[in-house]
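Here it is, the structure in full.
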Amino acid sequence: MLLAVPLLAGAQVFTLTSEQLTEYTAKNPFERFADGRPKVPQKFFDRAQAMSAEEVWSVLPGKGFPNQYAGDFRVLHPGKKMIGRAFTVQFMPLRPDVDGVLQDRAKQKGMSRWANQSALDMLQPGDVLVVDLFGKEEGGTIVGDNLFYYTLKATKAGGLIVDGSIRDLEGISEMDMPAYFRHVHPTPIQNVMLTGINIPVRIGGVTVMPGDMVFGDKEGVYFIPPHLVENVLDNADVIHIHDEWTRKKFDEGKYKSSDIYPSPRDPALKAEYEAYLKKRLAEIRSK
Amino acid sequence: MLLAVPLLAGAQVFTLTSEQLTEYTAKNPFERFADGRPKVPQKFFDRAQAMSAEEVWSVLPGKGFPNQYAGDFRVLHPGKKMIGRAFTVQFMPLRPDVDGVLQDRAKQKGMSRWANQSALDMLQPGDVLVVDLFGKEEGGTIVGDNLFYYTLKATKAGGLIVDGSIRDLEGISEMDMPAYFRHVHPTPIQNVMLTGINIPVRIGGVTVMPGDMVFGDKEGVYFIPPHLVENVLDNADVIHIHDEWTRKKFDEGKYKSSDIYPSPRDPALKAEYEAYLKKRLAEIRSK
Amino acid sequence: MLLAVPLLAGAQVFTLTSEQLTEYTAKNPFERFADGRPKVPQKFFDRAQAMSAEEVWSVLPGKGFPNQYAGDFRVLHPGKKMIGRAFTVQFMPLRPDVDGVLQDRAKQKGMSRWANQSALDMLQPGDVLVVDLFGKEEGGTIVGDNLFYYTLKATKAGGLIVDGSIRDLEGISEMDMPAYFRHVHPTPIQNVMLTGINIPVRIGGVTVMPGDMVFGDKEGVYFIPPHLVENVLDNADVIHIHDEWTRKKFDEGKYKSSDIYPSPRDPALKAEYEAYLKKRLAEIRSK
Amino acid sequence: MLLAVPLLAGAQVFTLTSEQLTEYTAKNPFERFADGRPKVPQKFFDRAQAMSAEEVWSVLPGKGFPNQYAGDFRVLHPGKKMIGRAFTVQFMPLRPDVDGVLQDRAKQKGMSRWANQSALDMLQPGDVLVVDLFGKEEGGTIVGDNLFYYTLKATKAGGLIVDGSIRDLEGISEMDMPAYFRHVHPTPIQNVMLTGINIPVRIGGVTVMPGDMVFGDKEGVYFIPPHLVENVLDNADVIHIHDEWTRKKFDEGKYKSSDIYPSPRDPALKAEYEAYLKKRLAEIRSK
Amino acid sequence: MLLAVPLLAGAQVFTLTSEQLTEYTAKNPFERFADGRPKVPQKFFDRAQAMSAEEVWSVLPGKGFPNQYAGDFRVLHPGKKMIGRAFTVQFMPLRPDVDGVLQDRAKQKGMSRWANQSALDMLQPGDVLVVDLFGKEEGGTIVGDNLFYYTLKATKAGGLIVDGSIRDLEGISEMDMPAYFRHVHPTPIQNVMLTGINIPVRIGGVTVMPGDMVFGDKEGVYFIPPHLVENVLDNADVIHIHDEWTRKKFDEGKYKSSDIYPSPRDPALKAEYEAYLKKRLAEIRSK
Amino acid sequence: MLLAVPLLAGAQVFTLTSEQLTEYTAKNPFERFADGRPKVPQKFFDRAQAMSAEEVWSVLPGKGFPNQYAGDFRVLHPGKKMIGRAFTVQFMPLRPDVDGVLQDRAKQKGMSRWANQSALDMLQPGDVLVVDLFGKEEGGTIVGDNLFYYTLKATKAGGLIVDGSIRDLEGISEMDMPAYFRHVHPTPIQNVMLTGINIPVRIGGVTVMPGDMVFGDKEGVYFIPPHLVENVLDNADVIHIHDEWTRKKFDEGKYKSSDIYPSPRDPALKAEYEAYLKKRLAEIRSK
């Protein structure tokens, strides 16, 4: 698969070399794929299972990243978290002059067509396929049931986000991979051209970078820059403990909300909370 | 019920005689109702249970029918297919000069009022009630729970599509008939007049003909001209087998998506697929 | 032209016979065209030049017609009133089975095609072309500049309302005929079929009857049933006088709005107003 | 808690005194809270469990209240009715000149901040929190999971309606309290100021009065003036019986819908229905 | 007129006493009306004629007021600036229980009805009528042509902003007063009740305070707190001079945009600009 | 200016080298700029003054380019054609990790900031600035009045298209350069980063290539690939003559629209038209 990267890369309009992608994601503290894409380790995915979109928010804007959330999707399996590494794909409206060049290049490399499957063929376990189809409904369908199934297999159920459509909702609904899309439509993908793979893409108000950690829950989707992943997860631990303690206090029924939340006003309660936090953090971190 | 047709027909603004409807649906290969409406046989309904909107698409545009799909509905029971024969009804904004004529005619025929129930009273088993209420939300409510129940009984759970609203979502949700609507609202139907029964009506971007086979799944609704029904279903059999084979191959984990889909590139695989298709088709067709 | 009516009529899906149209517009106090369409006399058009949409409203709902106004149009020449008789045309999404029948019939009658020009060819002086293209933007363009010019010539600048698009806004802008449309788009009309001429059509929330008096100003468009035309115009005279008097009083600067409007509270002022109304009405009516 | 009312009230921009609220709700036949808010008795909440939005509609417009329904919400738990007393809260876009005055006042009363929690702290069992956040999505989030939990505890699962957003849908989804909102967003509430508690507020096209009985089902939300509550519930009993009888008749399969609905046409059936109604009403009322 | 204030005030639901309004606008450096409303002096209106929305923006957010702009209006006379003092009015959806109390009170004070004209009757020269009709289109029409004319006379062409509709666009278009509205519709105002006069109201994302200086141009409308008016105008003088100088430099054709704008990079040019600014400011200020 | 190209190019995320741009626009029959951008000659701009969007449509789809039209803009000067060469610019939502790299690079090259002015500084006479700001309203304002003025000077009034906003509509309205935008807003551009100059960008449903001939009229905007420019203009000559002849015939008042349009049915008329076309074409071409 790795060898495929340089071969394929030449067919798209926009390309980042491994060096360029490394430069733009210079703060990434983790390993990288051969194409320069950051590789957030699997262990963080496991920790993220208990997190919510909310908890990502409490870190990112404070670090200068207020634009990493995208909402207003149809969510395929609302009870299922989506966690993985962003594999980005960009389409633009078809122009035969430009697409003709892309198809010629692809043919020279032995590919039958330069289209959505050219990108799917590059997916790896843990990837989330992130597709800019500029909100297109009719003909903006990145996959139907067969290619959804392929994506599930290739990414080990990583997931799919498309600012566009999917087709065959009926068939896809039975497959156990999270997916976020704007519309459903029975037409296959058409009247577009594939202009970029693993380049920065726009999903709603977010610039998604290849290798961002993708986190989706019932509310929407967060794209977390790799260098902030650990920070976000550590903070989520604190929030969980804070929530536990807060609700226990509310259960007691003798406090007003502002006595306890966002932080206890009474010094004794504050001390109690801090002791609780310390103890519980130690328990969690020792796992 | 059959006798009712000519009696009722005279009250509406737009009418197709049995001869006219027969002319517009001249390619219908099946029997007809007394009013000329094609009667797609029940056996095709059974076969359609395994089909998806997707699979209808793969036939109709190629036959010159690109405009037969309507989406963007609220779907009452997303897990339940809707399959039946289109029974079409058209309403227009109320004008007392026109509606007065309709009410007079209806009274002459012994009916108490010329309104939504005039159409409901004509429903037959296997019908899907298809209603053009021009997207009206308030007062565009074709049925509440009682008349939904009547429709369920009269059509044997055929179904309901309304480009408008339903009321009493609470009550209707418990009834086991598929329904597609744009809105819910508590007002009863009002400020409209009933202008046509079993005439061509528009639902979104589709002209629906009386007697079209209606097929609804999670994605949306297809209106299939009777002469293409068998074609669509035969093709769906092929697609099912193609999907089976494709996913088995993907399960093997050694192919890229473009090796297998949309059709296998390797001649040996192609032969394997074709043998599989032949065998499975024979099995299915022999049932 | 008159002979064309029965010939053409047979090609459309929905038809009202002259008798049917006469029945639906039975209250029409004026002459009719050969096809049954009411012919509101020219003299009322002249009187309507001084009227506003507002003034139509003050009569119609009280007579049981609350649904005769349509707004939210792009208005070609906002300073120019549109006044004429509704000539209605209906399109629906294309289905080749139905359209094929229409084209066959048209050919049997020596027409080259059954399409938008089939309707335009029937226009008469004083007509306003009222077209239901169900809000279609791309391909929902009833005319471009040449056929707009033809319409201008054939109707003597009667006007055009389309719940759909026009094309060639650049060229049309220079032509001196009022027009109301939803969109502009460069595509020609396509993917639709002509299903009715001079039948009831829906424009927004209005059922328009052939022969309705059409009145358009900066605000939007009113469709006035012929039997209410004189009533509306007489009432507009009263409103104009009321407005004259009211503003003269406001000009005096010594009254609050509620002293004078909607009617003077002080008995002496009331008497003054009534005398003024009587005098001015007499002047106007004597013209 | 009661003591808190006069203390807090002074901090908001808009206030109704107990006397004013009593005047505006003069028809209230029930007890009141200390702040004048009508206190619809719990027994009516129990009866309302079997009701639907539909049935509220059949009484209110006829009593001159056509504007009491709000729809187009996202419904947290569609299978769960929301029933309680309206506790209203109003926010407006932030202006530091006005908000500064509010914060100063709040500080003088020993409160840390004048914001959403100032209102939450006043909630009582049986309340439904009704919040006007003018449809704000980003930063229009009345609660996250912790304060949702507090609201659940303080109101005994009364419920929440916000013309705005909630945050942390993931966490809130697991909590057993009905909620209606326009959007979800991960941002906390910001860029607004709290301008009123228990004053008339607007939710969609409804003016909600403090103490209205709130009724929510799958369809949307009704705000029932206290003096009409008993009327609505009594009428719902009749509708339930009517529905029972109507469906039994439809089950017999020998009637058209108009024979039976909305009321039986045949005198014998009419008598049968009336006897049934009388008997069943007696049974219900005797419980 | 002044005496009317306390008399009328009692009829509305929400009232600010003169003391309360003074408190909320405590930073106002100017005189006040008897009801406490700040009275920005006429001389600032004259200076504002040369200003644009743009220039207001360059001051307000920096002073902590980012929410003072409202856009997306239909603008009656795009070439005409609107400048005056906000006179605010609030409507809410009709409830007969509440409205009945208001009408009773009004009658006790000798008024015929408590409705839109109750507010219009209080207008003064230099006022801009600012109306919250919650975006209502049908029936949300604050004035027709007669009351628009009254407003023009009473305010000396101050202006009108309505988050709702006007009616009789045809008649109003000929009157020389600026106006901003969301829609036009022929229906008169209905199904609402007048709940506040000269209280804080919401227009789009702005909380408007009575006495704010209103500034409208082609782009939209700004509501400027009185204490920032002089600041805004002084700053606009600087911007005008900056624009003069910048364009003169661009006219020379030898600079790139970034050499000159937003401020000159070259020290010599910077000095030149500063000398120019000083000289021109002196000229302007000496007028 | 030419030297600036390679210097600046390095700062953006997406870059096409001169070779790549030449490859994608290989069919360009004209000269190129140093950066590879096609340079459609001025003489075609002059010919295009008489053209309409309509006439572009009649060529491009037939050549395989159905996606070159963008509509739904606010048009600054509807009576003024916009004609020039596309100079494309792309922005994406801000991410400090990516933008930091861009700013660093820019600083290394002696630029103060990498932002909208970096692109403006590269404009040349005859350019139309085409900006993808992904429809952003607040903060999506490519220019205010000063930079609009700069653009006018630098492009010799070429023009501006932005899928986003402009600010200072008041000031810009007085400047004599065509402009197409989605919104107006007083905020300056913010929360975005400049990711590409003279790369393919998306405007609505169009992929715009650097060097496309831009043509804007009242209706909307067309982006014409250079190799089709002459074809489009030659065809427009024919359409103009066809329009002249058609209208002369309509002026005669003796033909139905279908006798003459789209082409004359009668062989004699057809011959007349063809002679006319030949003569007039010769006249035009000899100029």
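By letter and in written order, the chains are A, B, C, D, E and F; residue numbering begins at 1 in each of them.
Note that a residue touches a chain if its C-beta (ideal position, glycine included) is under 8 Å from a C-beta of that chain, and two chains touch if they have at least 3 such contacts.
Treat the numbers as computed from the prediction; the structure is a model and nothing was measured.
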Joint neighbours of chain E and chain B, given as chain labels: C, D
Contact distance in steps, from chain D to chain F: 2
For chain A placed onto chain D, the superposition rotation in degrees, Cα atoms, nearest 5: 120
Centroid comparison with chain F (C-alpha atoms), farthest chain: D
Separation of chain C from chain F, taking each centre as the mean of its C-alpha atoms, in whole Å: 38
Inter-chain centre distance, chain B versus chain F - centres from mean C-alpha coordinates, in Å: 45
Residues of chain A touching at least two other chains: none
Touching pairs among all chains present in the structure: A-B, A-D, A-F, B-C, B-D, C-E, C-F, D-E, E-F
Of chain B, residues touching chain A in the complex: 52-54, 56-57, 69, 71, 78, 217-220, 222, 243, 246-247, 250-251, 253, 256-258, 261, 265
Chain A contact footprint on chain D (complex, rising order): 111-113, 117-118, 120-121, 144-147, 149-150, 153-154, 167-171, 173, 183-188
In the complex, chain A residues that touch chain F: 13-14, 16, 23-27, 64-67, 92-98, 101, 134, 191, 193, 195, 199-200, 202, 205-207, 209, 225, 227
